[in-house]
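Structure in structure tokens, see below.
When the chains are written out, they are named A, B and C in that same order, and each has its own residue count from 1.
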Amino acid sequence: MLVPDVRLQLALDLVGVFVFALSGGLVAVRAGLDLFGVLVLAGVAGLGGGVLRDVLIGAVPPAGLSDWRLLLAAGLGGLVTFVAHPGLSRISGLVRVLDAAGLGAFSVGGALTALAAGVAPLTAVIVGTLTAIGGGMLRDVLVGAVPEVLRRELYAVPALLGSATVVVASRTGHLSTAVAVAAAVLVLAVRLLAVALDPNAPRALRRVDPEVGG
Amino acid sequence: MLVPDVRLQLALDLVGVFVFALSGGLVAVRAGLDLFGVLVLAGVAGLGGGVLRDVLIGAVPPAGLSDWRLLLAAGLGGLVTFVAHPGLSRISGLVRVLDAAGLGAFSVGGALTALAAGVAPLTAVIVGTLTAIGGGMLRDVLVGAVPEVLRRELYAVPALLGSATVVVASRTGHLSTAVAVAAAVLVLAVRLLAVALDPNAPRALRRVDPEVGG
Amino acid sequence: MLVPDVRLQLALDLVGVFVFALSGGLVAVRAGLDLFGVLVLAGVAGLGGGVLRDVLIGAVPPAGLSDWRLLLAAGLGGLVTFVAHPGLSRISGLVRVLDAAGLGAFSVGGALTALAAGVAPLTAVIVGTLTAIGGGMLRDVLVGAVPEVLRRELYAVPALLGSATVVVASRTGHLSTAVAVAAAVLVLAVRLLAVALDPNAPRALRRVDPEVGG
């Protein structure tokens, strides 16, 4: 079993934090929030998944709260969004693309970080998937939206695929930077394909009752 | 003070995960989510409380992310719901019954797991209660509903009662499998009674202002 | 670098827990919740930030679940609210004032607790800020409201200021009880000033699209 490269983990983390921060900033802009709301939501979306990962594997305090490079990446993502956000009509699509890129970087990076912390392979796959979907879930819940991961196109599945790929590669001695990057790109591609095709995964019943819960 | 049996903890965990996963799946079906949404919400509802418990007592990575039996129970709960869910009109009642069963299994199992991890009795009672209410809270928040635990019938109280019962039993040397199972059934019974009677716990004021927060 | 006084940390925690519990209870009253809902929301708002802090710095089980004084403060806050809440028309303003007081106590107390746990200064600033904003975020999300911290007046900034002040004071050897209390009062004052003046922080665009997320 090959131990993941620390620089590779950091690079994937930086990419994931930045693109998820952009997505959080855009969601904040669309919700009419001001500069501080944009920065907070960028921080939550960018750093939330990694903080969740680190809490789950016992790596506290989480890197997302102690590594100034990650904090800077999240802050930059928020600022860039605030200054240069596109028209509202294009935001929804852009959020999805950025979200897909973050899904790729975090599902692979999260699984590698979990492996490096010594957790079992199955746990690394789950933790990697949660790293990828955690920030976006927090982002959506905070603005009162049902998280992307519960909606109808494939979302958790590509993340699960990316995490599983690098865990299997590591266990079988095939892990390399090229494999990790390829896995992240695969996640991005599958997710974007899912958005484009909107395959209408089987659904049990249409919603007829707006009241939800209990 | 008697140390809780590991097999008993696992049995309570499996029951709790499965019934909460069913409840999560049903809430997802009612919200019109597709297969993946159903599986994700089943996983969140089934495993959320136990993951919260393990994070709070420092048992990381949490069993809910590393024990394949728990992951399987959650996945099965989601699949069963998706394939065999009842008509929408009956879902609300069924969610409450399953939720009550999970409340019983998790309030007792959570307290026993916390005790086994060496926390103080008071902490075990609180952690057990949070184990029981955590998954359902996450489930409801994710679909945008006010969690069951904040609504008007007794919800947290039966869970608190179940956790306190086994902690007291353990401290006084009366803990046994029979006592633990009886405590879980007691929670279930009290909760169902509360739902059936709808005792209208004292309420300060009716809602007159739809805007909530700050 | 001066190590923070344990009694000072406890005092700030008790004040923060109590005032945030009052705020949680008031939000529950306004949402029409009953006695148990009021107590749960008071507990979540009062203890949530500190529990988050302790999980992030690895101090588990969190003090908020094991120290009976903190649990008592939260319970008292809930009871006081339930018995003696004011008319609904005055609740919104009162929530903000209590929230501001909690922000001051927790941003300072959270940073001191994090420093005492041995985390790096930057991390202590972030953890202190999260301690201050965490309970209110949970409170608002549970009743389906967009958290205060994402709205338009200065909210996270005063908390960040309070945390940074005591961390810098500790690093430069100027930390004392007087400095800590002054920092907490400063946070309170800045936050209330922000509410009063409503400075309309720069906003990218007005909301035109009610659909948020994804």
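Going forward, contacts are C-beta pairs under 8 Å (C-beta built on N, C-alpha and C of every residue); 3 or more make two chains touch, one makes a residue touch a chain.
Keep in mind the model is a prediction, meaning the values are calculated, not measured.
**Q** Give me the superposition rotation angle from subunit B to subunit C, based on Cα atoms, as a multiple of 5 degrees.
**A** Resulting rotation angle: about 120 degrees.
**Q** Same or different for subunit A and subunit B, when you check if over half of the residue numbers at their contact belong to both copies?
**A** Copies use mostly different positions to touch.
**Q** Hey, how far is the Cα centre of subunit A from the one of subunit B, in Å?
**A** 27
**Q** Which subunit C residues sit where two or more other chains touch them?
**A** 55, 58, 141, 144-147, 151
**Q** Mind listing the subunit C positions that touch subunit A in their complex?
**A** Checking each residue of subunit C against subunit A gives 55-58, 114, 119-120, 122-123, 126-127, 130, 137, 141, 144-147, 149-152, 154-157, 200-209, 211-214.
**Q** In the complex, go through subunit C and note every residue touching subunit B.
**A** Those in contact with subunit B are residues 27-41, 51, 55, 58, 60-62, 65-66, 68, 71, 82, 85, 88, 92, 95-96, 99, 139-148, 151.
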